[in-house]
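Next up, some structures in structure tokens.
Next come two complexes, and both contain chain A; in the first it sits with chain B, in the second with chain C.
For the complex of A and B:
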């Protein structure tokens, strides 16, 4: 309970700092949404009128306080550009980004764990070296290059998945999975390499612990030792990385959503920055901040589940 | 080997799920194959890739870009269209008749046209639309000459102007002439997301940043049209993956501005067709110069820049030789083109001499050119920087994103910038950008972005606007071109014919549309990526 209250207070502080900084930075950008809305042929009077109508002629602090006050009463504001409530825009796009993030983490973890275990089992062996080389290759390949390559192979040449586009789960589960497959693999591959390297290093250290030697002496099979006794205590760094990497993954979704034409939150925020749609950016920042804090709270809970020593402490 | 069983099983499960999940909802054409692939056949579905979403679909309240026109003109139609010769023709209007002075236009609408909501198109709806457009902050400058709109009879409105305006009907071929039903005027927010019109297709679904789907209007007023049952617009912002999606069969057609796409797909004539803009709608790629600030307020510096710019090198280096160097705002295949005056040739010696002359009086010539950060634009700016440096002009490059660049141009907070312009169907479309009445001092909003004030050029623009005689208009616009060449408020690079539509071979009828009275329509309009009507497009089964 105390932990939850502490987290909530921390979340509030994080939100205040992050939203204020993002509002400040956005307003440092030259220009405002008026040109985007009216185009280049509008007169000075029309621009001034619209600016006043939208409250953009108010001082920065007044506008921020207005927005914050609205947020506290559940009003996230209305997009300057689309004139749709920001909350509605975010809710419409949240499932796309969430599914992409979860799928990317599943791809990354689903491959990183067997790869990390296989590499650690015979550290320095041929398989370890091959997997290390593969990890570095993946780490050093930019996601947009990987995305284009994957589309070329799987969509253009083999035609087994669509190249781009998005089918919601509500329309068709099968096509939804095919539409998320390439984006998730593209986004997950960079993380896969990080996770596999972390797990490999921790597993190698764990396999040198006394209790592993004892288990071997008792005649337990190497497979049982590896998966049942060594993997869990070696997963702490991996779990930390999964939580912390959420930020990097969200950054990656911006590129992935643009590359694959997915209507997610990352793309919405970037488009909104370019069109100076301040309120939509602010809404997105709040959502991502809350998500980030929540995921890292969950990571703390998972620590305790994975390692009983943390629970007892 | 056993340890790989679980992931393998997962992969197989996903593949099985995919295999069993039936046809992708964004389906292939459902209609039968035409018996003769050269004659139009009704039915089928078209998936069309666009580079960006529209910022709203309401012509009264939302600023339209080229992609907005592609999406919206399937649903909402204009009063006027432009034919293949570049002349305006009535569309929803049956006729547009000026008075002798050309300061009144009687617009009579066709009988028997209904909106998708069942309301009949009448004169009072046209009147309400034009009045809403006049009141819209989008059009305060463009509709400045419009005085009032009166209902003359149930199907006719008379537009009264403050001055003669020969080219007025051309404006009604664009956003301001698109007619929506009364419900869209009273509820513009809904109309921004769910447009209603008289068009060949009806709104079905719109997911922002993802897709818009329109379905055939069975009661469309043009008999036998449209051919397609459905069109899906897919928003795919990345040009590389958009092209890959075309190759993979995920879309049937797409817009592009990349010369490599034109070269690649143009070379595979059995599989793809490439349609490029021609004539007046082709935009010109320029460096726009702020003539109100030093050193570009000195015409000798501007001329030196033009002399130092090797346009042929720009075309071969940046466009793969696909475009033609520009010597003014209109291309040579336009009836409005004139070579009067002659644009400064590439002549480094002349450029250097002019630079030395100015430097002797005012010191070294230095200025800043603004570019958007995308690699293609930066490449062009760096090429120009190198060319101008050879003439002794020191140029620095400043990057700015599109909204910043536009704001700087509008208030004059720039010295030079890359700029794409001059894509109107009629030269009068450039009136507000070139006339001295629209030039304001630096710091104020100015639609004449170069702030170039020239009496002769402005008088020629007025003559072109007011005279119904084509020979007089041609003479007037020849003067406009001459003044632009002599005074160089723009350094012209090339006619940007790299705006193109690329389709799979099964897509037919793009750019071959006939207007309601039988004339051939203008094939492609707009920039940077062109748009076209969809009512006469059809698909063969391939």
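For the complex of A and C:
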């Protein structure tokens, strides 16, 4: 109970720091939004007026508090560029990014677990070496290189899937899945390599345990030992990685959404960067950071489910 | 520590060298300028003149890729130096000083890691301006947390090592310890991570460039080239493929070099099954079946092939065992007792192990069984209990799942039947409230209770032989007797045979019918327990008996120990393996290994000068040591 409270306090502190730093960094950077909006030829009065309207003449902490209050009440400001509330824009784009993330994790885990188990069964064997080499190559392929190659093969040469574009689930489930397939595979493959290597290493460590030798001494099959006895105690690093890698994955979505023309948060951030739409960038960065922190908090909770020894702690 | 880096490492190093040289000498190479348009027809395929072809504006792609390397490598090296320069001191401080410094640095680090770094890099570069300097700084700073974590971890590991603690106790100044003891050990992981970090930064810079947020045109960057090339994918795929492949190979090369360097300090790994099966040792002639024998082991050998030579862990062991009897195997640690059990059960640890000899169970030769046949025998006819009940149960599965598993797999029971049988089994090993126990996890049980559970599991399919490898060594003295009593009672009830491995002679004396004494993988004495204990013939057995403390000893009695150490099994000297430690050794013992000879009453021993004979009765040199 005390532990839960501690964790919650810690979570709050991290969230405060994350939001503050996002706010601070983007505020202190060169590039004045006022100039951006009014142009360099605007009069000094007009600039001062806009400054006051935007609250830029207030002290930093006051502005941060205001902005944070706004975040909590759902008022994320209105974009100077598109004149659309930032929160509305983000909410509209969120499902695309979430679907992409979930699909990519499913692809990655769905392939990494069998690959890791198969490689660990005979560590150092031919299959293990082949799988290790393959995951090493995948790990060394930048996501945009992989994406370009997959588009070249599947969309341009074979024309099995569309190269770009997005169909929402609400319009057509089949087309939606088709349009998410290639982006998800591209994004998932890099993680697949990370996960498979982690799982393999942990499984190899677990397989040295006495309880595995004893399971063999009870005449259980290798398949049963790997999947039922060894997999779960070996999953801790994998779960941590699934949480931590979300950062890499989110970075990846920015690129994937640009590459495949998906209307997600990442694409929105990139577009807003080019149009100098501060509030939208800020909103996007905060949304992603907070989401990332929350997911890692949840990962801690999942540990306890996987490993009963932690439940007691 | 001498390990081969492999051809892959050298190929990767060569590629890195090539890229670095090309980037450094880009202006001197006889190639077109990176921004010269129409040096050839636009979108022409690779040719001798333009090895990577030309792009949409007729620019030489090869030249652009070579110049692009400058940005990638420049940012990569700069960011790694920055990350290392700031991260390493912080990491060493946290790992060496610990305490407050560690808490503060690591808390800050955790928070820094909570940011999705690429998104942040994007935003910062976008607003600060996309220049080489800004990209380098942002990627360098974002790399710091990973450096801090790595260096702290390594420092922490070494700060606890004996040689550093010793230096501290001797009053060596911290700075000197850091330079002389810690730095050299941190260097290899740091060098390894510098290469992996290069790969990470090159990818990150490429990502920024791909989004148009790295160094701006006209300077070419790899990410930018790939982005440009995308639009020509349909009719001139080489424009996008050339930079993609070069980038992939470069990232791969850096990762590979980093990985091989790290592997230098890694431990060897093995999986569930051997990757390569070592050739079996010659089995020798099948033994004549002994009537009434349940388990008959004949000339069993286990050789482990290590880089230092072949270790003869089990070297020609034979015995027979009948139902309803207990065979004890005794010896010091490292004498091959546990190895013998695992060899009989076919549970040798994976690679580089060969086995020879025969194991007959009621006439079937187990050494000739397929893995599938062997699993049937292991589950149903041979039960096993290990030394440490703390590690013998799977920590993440309930007791119920683990106890019912063999019942369901081998006896085909359904869930309910297996549950009832498991309750009955737990009750039979003296566990109170078995139904509740089945729902618990191992960590909720005491050591004694856990060992009872593992015994229940070993007995679940009604085995003919129970192998108990030091079943009580890890338990409290008060629990030890209960567990042994339990094993003995179950042996009587089920008419099993028991193989009891122990180094504790008081245990063996009380419960064994027959005894095998092992030394250096060999049987040195064998016979009925009563005879071996009252009239040991092999000096080693005698020494073992004298080394065992007895309750009847007067208090402050000096504890006798056996002088010397067991021999290195990869290099056993000729003659009797116990000779260097033996008080009765003579010249012959050094030249010729004594055979296992039989005496009256099935008492065997391997000794040229057995004790209890007139020639040598004074144990001179049997040293005594105070506790």
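Operating definition for what follows: the second predicted complex is superposed on the first by the 250 of 313 C-alpha atoms of A that agree within 3 Å, B and C clash if a C-alpha of one lies under 4 Å from a C-alpha of the other, contacts with A are read in each partner's own complex, and residues count from 1 in each chain.
Here, a residue touches a chain if its C-beta (ideal position, glycine included) is under 8 Å from a C-beta of that chain, and two chains touch if they have at least 3 such contacts.
Predicted, not measured: the structure shown is a model, and the values here were computed from it.
Student: Let me test your reading of the model: by the given contact rule, A:156 touches which partner, first (chain B), second (chain C), both or neither?
Tutor: both
Student: Using the superposition on chain A described above, determine whether A:260 touches chain B (first), chain C (second), both, or neither.
Tutor: Touch partner of A:260: chain B, not chain C.
Student: Determine, under the contact definition given at the top, whether A:44 touches first (chain B), second (chain C), both, or neither.
Tutor: Only chain B; A:44 stays clear of chain C.
Student: Classify the contacts of A:307 with the two partner chains as first (chain B alone), second (chain C alone), both, or neither.
Tutor: second
Student: Is A:224 touching anything from chain B or chain C once the two structures are fitted on A? First, second, both or neither.
Tutor: Second partner only.
Student: Is A:148 in contact with chain B, with chain C, with both, or with neither (first, second, both, neither)?
Tutor: A:148: touches chain B and chain C.
Student: State whether A:59 touches chain B only (first), chain C only (second), both chains, or neither.
Tutor: Neither partner.
Student: Using the touch criterion from the header, give the chain among chain B and chain C with more contacted residues in chain A.
Tutor: Greater contact footprint in residues on chain A: C.
Student: Touch check for A:175: first (chain B), second (chain C), both, or neither?
Tutor: In the superposition, A:175 contacts chain B only.
Student: Which chain A residues contact chain B in one complex and chain C in the other?
Tutor: Common to the two interfaces on chain A: residues 29-31, 148, 151-152, 156, 258-259, 274.
Student: Okay, in this complex, where on chain A does chain B touch?
Tutor: 29-32, 35-47, 49-50, 81-84, 89, 92-93, 110-111, 114, 118, 147-148, 151-152, 155-156, 159, 161-167, 171-175, 177-178, 181, 223, 258-263, 267-268, 271, 274-276
Student: Please output the residues of chain A touching chain C within their complex, sorted ascending.
Tutor: Checking each residue of chain A against chain C gives 14, 17-18, 21, 25-26, 29-31, 120-125, 128, 136-137, 139-145, 148-149, 151-152, 156, 201, 203-204, 207-222, 224-226, 228-230, 232-233, 244, 246-248, 250-252, 254-255, 258-259, 266, 269-270, 273-274, 281, 284-285, 288-289, 292-293, 296, 306-309, 312.
Student: Give the list of chain B residues in touch with chain A in this complex.
Tutor: Where chain B meets chain A, its residues are 3-4, 7, 10, 14, 17-18, 20-22, 24-26, 55-56, 63, 137-142, 189, 192-193, 207-211, 234-238, 240-242, 244-245, 247-250, 400-404, 406-410, 432, 440, 444-445, 447.
Student: Could you pull out which chain C residues touch chain A in their complex?
Tutor: 110-111, 113-120, 122-124, 126-129, 199, 203, 206-207, 210-213, 223, 226-227, 229-230, 233-234, 237, 240-241, 244, 247-248, 251-252, 255-256, 259, 269-276, 342, 345, 347, 349-351, 374-380, 382, 384, 386, 388, 391-397, 405-406, 409-410, 441, 443-444, 454, 457-458, 467
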